[in-house]
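The structures come next, written out as structure tokens.
Next come two complexes, and both contain chain A; in the first it sits with chain B, in the second with chain C.
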Partner chain A sequence: MSTEDLPPIPPLAAAEELAREGEAAKGGPATTTGIPGRERAERIRSVIAYTVMFLVAALFAIPFLWSVSTSFRTLADTLGGFSLLPRHWTTSGYHEAFHTFNFGRYTLNSAIIAGAITVSNLFLASLGGYAFARLKFPGREVLFMLVLGTLMIPDQLRLVPIYLMLVNWIPSWVGHLGFHNASFVNRNGVILIQLVSASSLFLMRQYFLTIPRDLEEAAKLDGASYFKTYRKVMLPLAGPALAAVGILTFQGSWNGLFWPAILLQDRSQFTIPIGIANFRFAYTTLWPPLMAASVLAILPILALFIVFQRYFVAGVAAAGVKG
Partner chain B sequence: MATVTYDHVTKEFGDTKAVNDLALDIQDGEFMVLVGPSGCGKTTALRMLAGLEKVSDGRILIGDRVVNNVAPQHRDIAMVFQSYALYPHMTVFDNLAFGLRNQKIPKKDIDQRVRRAVDILDLGPLVKRKPKQLSGGQRQRVALGRAIVREPAAFLMDEPLSNLDAKLRVQTRAEILKLQNTLGTTTIYVTHDQVEAMTMGHRIAVMSLGVLQQVGSPEDVYTDPVNVFVAGFIGSPAMNLVPAPLLDGAGGQDRIAGFRPEHIDLGNGRADAIAFTARVEVVEYLGDEQLVHMTRKDTPLQAKLPVEEKLGLGQEAEFSVPRDKLLLFDAQTQQRVRA
Partner chain C sequence: MAVAVAKRRQARGLGNERTREALVGYGFVALPMAFFLLFFIFPVGYAFYISRYNWQIFKGPYVGWGNYRTLYHDAVFWHHAVRNTLVYTVFVVPLQMALGLALAVVVNQSIRFRTFFRAAFYFPSLAASAAIASIATYILASDGLFNTVLHHLGYHHTNAWFTQENTALPSIIGLNAWTTSGTMMLFYLASLQAIPVDVYEAAAIDGAGAWRTFWKVTFPLLKPGHFFVLVVSIIGSLQMFDQAFLIGGASGGPNYSTMTVVLYLYNQAIKSISFGYAAAVGVVLFAFIFTVTLIQRLLFGRAEVA
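Now for the complex of A and B:
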């Protein structure tokens, strides 16, 4: 709508608008769009911003589109130089991924591991986050700093101690459950060491800090215990943070390669990333099935993100607002 | 219902005494208003009674029971928060029933008590709504309902009207008073608004800097303030507090003279009045009366006069204050000096 189409502005309203824009004292025109210099500057800013955003988006999108395109090629086509679209379209890559490489089994294994880790993170991180946000106990801040400190220790550094613990200590503690060294250091080990992460705990704590304390005090006066307050009042209000933790954890463990590659020794328990790595051989790489498996592996994450996107953004944003 | 006693209660936050040696007896069924400016310790006093803050020193009694170490839910009190603190994910019904369910009260009794509160507060059509679907006034009524269903020994209210607009505030003020009259429950009401305090409380406890300044009926506190703080805080517009020598014959250098704007008359007035001249600066027309801002020897004064008295801006006019309406305070101790 152009300014000519607008109804005439009553004098008082126009004066208020001018005052708001800080233009009244200058005696400038009634609307900001009428200022040629400012309009040009804004247009240039927009063009620069959109160009940068387009380039960044392309940087992320092109490799992804290229993998989708490769998944529909023949092996020979993948060796014939770069082209965005396949020369000969085929679904043989997908067929091979499912039938030759037992993709279904890998998917199930990934789902079990990612599902278990996600559920335990949601439960433990929300409990711990609530405790760090609201319960007063001696050493709370020091303990929280220690938890955050674990984020700075790379997994490669923890590898040997964790592996030794999983092989030597834990099976001896839980030996009566029928675990032997080798059988425990498999799926159970991968799940156990990722039951709760410091980042999940941090995200939940930050979100709980944004929930008004009055609600907890009201619950206290209403006779709710700490756990009941957590379960009945705090947790239902933490939906966005739970969505963020859920998506981030599921995505992390679904795509995780490091710990599964170290700890999964039984081939029947391999996850998708390990399965995908198996498409590479010493002298050749089977690009079409590798890319087909990669594309399929993305779908659950994509679906999860689309469904929970709104909460995810709100959760991450809120967690960042208050420290 | 029960009495509430603050027995020389102190609350310290580090080196700061938020409440200092508070001694206050609240009678069974009484509506007591704690009033004072921000940071005077009134909310801390209320939160200590609720059990949300620990008492540093002294005792708090509800009835005959010392409650210093009793958990909030076992104190038999209900609190209305300034923010209402309604559970956003629960319906109005669930908000009202939450506390009763935690007490493991039979479902039939819960329904009955919630229905009663709903009827009293006229919340019938709203029971299935969530707080975000309610207006400010409706939320306020639900918050009151949550207190009513508990059938507590005492209601604690922490500035419950401060989030409402002026019109709704007056209306809700009357509703709370009616409710308190009907239920006869001991009520401790915290506000910084002295008009609210004057209109609602059986008695008012005025606090400043953590110290209780004066307790009494609204009339007592208004007409017979014990010190300069109470005299200046209670009443709107505020009492004129000026060095006594400003008015001829009022007192010496060591005295502060206090007189209410409505006690100033235009002209020489009665024989026992102190007359003075002042320069009219601004006149605010209030409909039934006018508020005149004036200065005498650069000291600002306010007078409430009938609208019929015509005064021009900049005019030097003669005013008077009856001697029996003049209060004197010690300039050093700020305490009232009685003749």
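Now for the complex of A and C:
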């Protein structure tokens, strides 16, 4: 795999790790075993180590468990002093969150936005990644550098220009295509500006580079078109990379706060994070529905994480760069 | 059959085939490239252009460096937004790095439940910032879990941590050190696994204990890793927005104690509709972040994290 032409971008490691099937390499330090007399000390040390680790893990988990516990309480229960579990279990927090405070609608909006962005990233990043990895065309390296360069452009710099573009230009362009009075200071805008990301494209390209060429050559000999080769040969082989891109994109856009905070102004289009942000200031101490909404925001990501942990870990570099 | 097709192709000429491949290549990258040009590359120049105008709702008169001059004398920007962002960065970066490294060293041992520990330490980095911030607000409320625990330990603290001017920012620092430590852990883990095993074997033969091995062998060998994590952490800290927005509100309360540079930019653009001025803030922030990145590239060149 040629990495000569690449700047030091961490997702490279991620793509390589994905390409390596199975568990990550176990390159831990060598343990000194087999020396008599040390065994007892070793055992005591490992008991202490495990205890400390479980304590730290518990410390990491407590905030989440506490929010789940509170989401099943009555409001009176949250004010009545400390108790580990709810004194009266109730789902009224969820009821209120869904019906009184509209989080049912917000959940749907989050799913629509994150779903659309994920599908579009999968398609555009794999198509572009395939072209950058396999097809030869003049200016390919320059264009790819340009893609990687976008990783250095912070969202904050883009805030004002993109906001003005979405208000002024894009609606008028779309108007020329026959869609009049289209607005992009809403859900459509949030989706539009995140259709594909450089880290998605980079991850796909790096993965395609690790796939042996034999299969494509066979397809080529059979007279398959480039699109068919992409669709029938490359995509089925790129499962792990597609999974990583899909999961990371979904997680990022599901949690997204910055662009939704700027572009979602109509309540009916709020996502869960924006709903939570607004709720926090309107109803400061209505803890059970707030915790229910927080659980709602966390649960899908937790489920994804439990099932697909490997892809999260492999793709962390990409996510870290995105911030 | 296949051979016949191949022969026909060859007959059509290689040059032709190359042109077709190139055209298909351009076709496949056209949409992503158009997207990156329109929504990433172009806005960089456009932001600078906007920053040279007195641009409110509509484009106003050209003011040259006027917005930058105003920014230079803007007390709220320097005394609150920049100051808080720097304080935040100075404290949160070492905390994140230390926590991340400690966790990475732990889960890099050949221990049981390694996957579980790694997952448990990493998960807070993945959860929505809005959810984490509201859980933290609840736990750090005046009668919240944290004050209850403190009370049992003999410390009496009755104020909500996020609503007091002197505790709001430190609380956010603590919160973010916790949530991001998992990401830093994974970066360090990649660096740790790049260290060859024979180095440790040599240290073991020399009779070095675990503590000594860590400080004399592991820690210095992690140098590229340290630097990478440092830069990622600094860039992330300079861009801090979510927690300030969620906890202090758009105004960065109480009394600007949670106002950050990005929150200030957001306020100028979305609340005050001063697009020209907000664009200038964005350009200054970008220049700063770009410099940090450049220093990293110059010092470490093509060094990879792993």
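Definition applied: the second predicted complex is superposed on the first by the 207 of 323 C-alpha atoms of A that agree within 3 Å, B and C clash if a C-alpha of one lies under 4 Å from a C-alpha of the other, contacts with A are read in each partner's own complex, and residues count from 1 in each chain.
To be clear about the criterion, contacts are C-beta pairs under 8 Å (C-beta built on N, C-alpha and C of every residue); 3 or more make two chains touch, one makes a residue touch a chain.
Here the structure is a predicted model, which is why all the values come from computation and not from measurement.
**Q** After the superposition on A, what does A:Asp222 contact: first (chain B), second (chain C), both or neither?
**A** Both partners, chain B and chain C.
**Q** Under the stated touch criterion, name the partner, chain B or chain C, that contacts more residues in chain A.
**A** C
**Q** First (chain B), second (chain C), both or neither: which does A:Leu201 touch?
**A** Once the two structures are laid over each other on A, A:Leu201 reaches chain C alone.
**Q** Using the touch definition from the top, say if A:Val233 reaches chain B (first), chain C (second), both or neither.
**A** Touch partner of A:Val233: chain B, not chain C.
**Q** Which of the two partners, first being chain B and second being chain C, lies in contact with A:Leu302: first, second, both, or neither?
**A** second
**Q** Identify the partner contact of A:Asp214: answer first if only chain B is touched, second if only chain C is, both if each is, neither if none is.
**A** Once the two structures are laid over each other on A, A:Asp214 reaches chain B alone.
**Q** Examine A:Thr51 and indicate which partner it touches, taking first as chain B and second as chain C; both and neither are also allowed.
**A** neither
**Q** On the A-aligned overlay, A:Thr91 touches which partner chain: chain B = first, chain C = second, or both, or neither?
**A** neither
**Q** Taking the contacts chain A makes with chain B in one complex and with chain C in the other, which residues are shared?
**A** 221-223
**Q** For a test of understanding, state which residues of chain B touch chain A in their complex under the given definition.
**A** For chain B paired with chain A, touching residues are 50-52, 72-73, 77-79, 81-83, 85-89, 98-99, 102-103, 146.
**Q** Can you name the residues of chain A that touch chain C in the complex?
**A** Interface residues on chain A, with respect to chain C: 7-8, 10, 12-13, 16, 24-32, 46, 49-50, 53, 56-57, 60-61, 63-64, 66-67, 70, 79, 82, 124-125, 127-128, 130-132, 135-138, 140, 143, 146-147, 149-150, 152-165, 193, 195-196, 198, 201, 221-223, 226-227, 230, 251, 254-255, 257-258, 261-262, 272-274, 276-277, 280-281, 285, 287, 290-291, 293-295, 297-298, 301-302, 305-306, 309, 312-313, 316-317, 319-321, 323.
**Q** Under the stated contact criterion, what part of chain C meets chain A in this complex?
**A** 2-3, 5-6, 9, 18, 21-26, 28-29, 31-33, 35-44, 46-47, 50, 103, 106, 108-112, 115-124, 126-139, 141, 143, 145, 148, 178, 183, 186-187, 190, 192-195, 197, 200-201, 204, 213, 218, 228, 232, 235-236, 239, 241-242, 245-246, 249, 262, 265-266, 269-270, 275, 278-279, 282-283, 285-286, 289-290, 293, 297, 300-306
**Q** In the complex formed with chain B, which residues of chain A make contact?
**A** 212, 214-215, 217-224, 228, 232-233, 236-237
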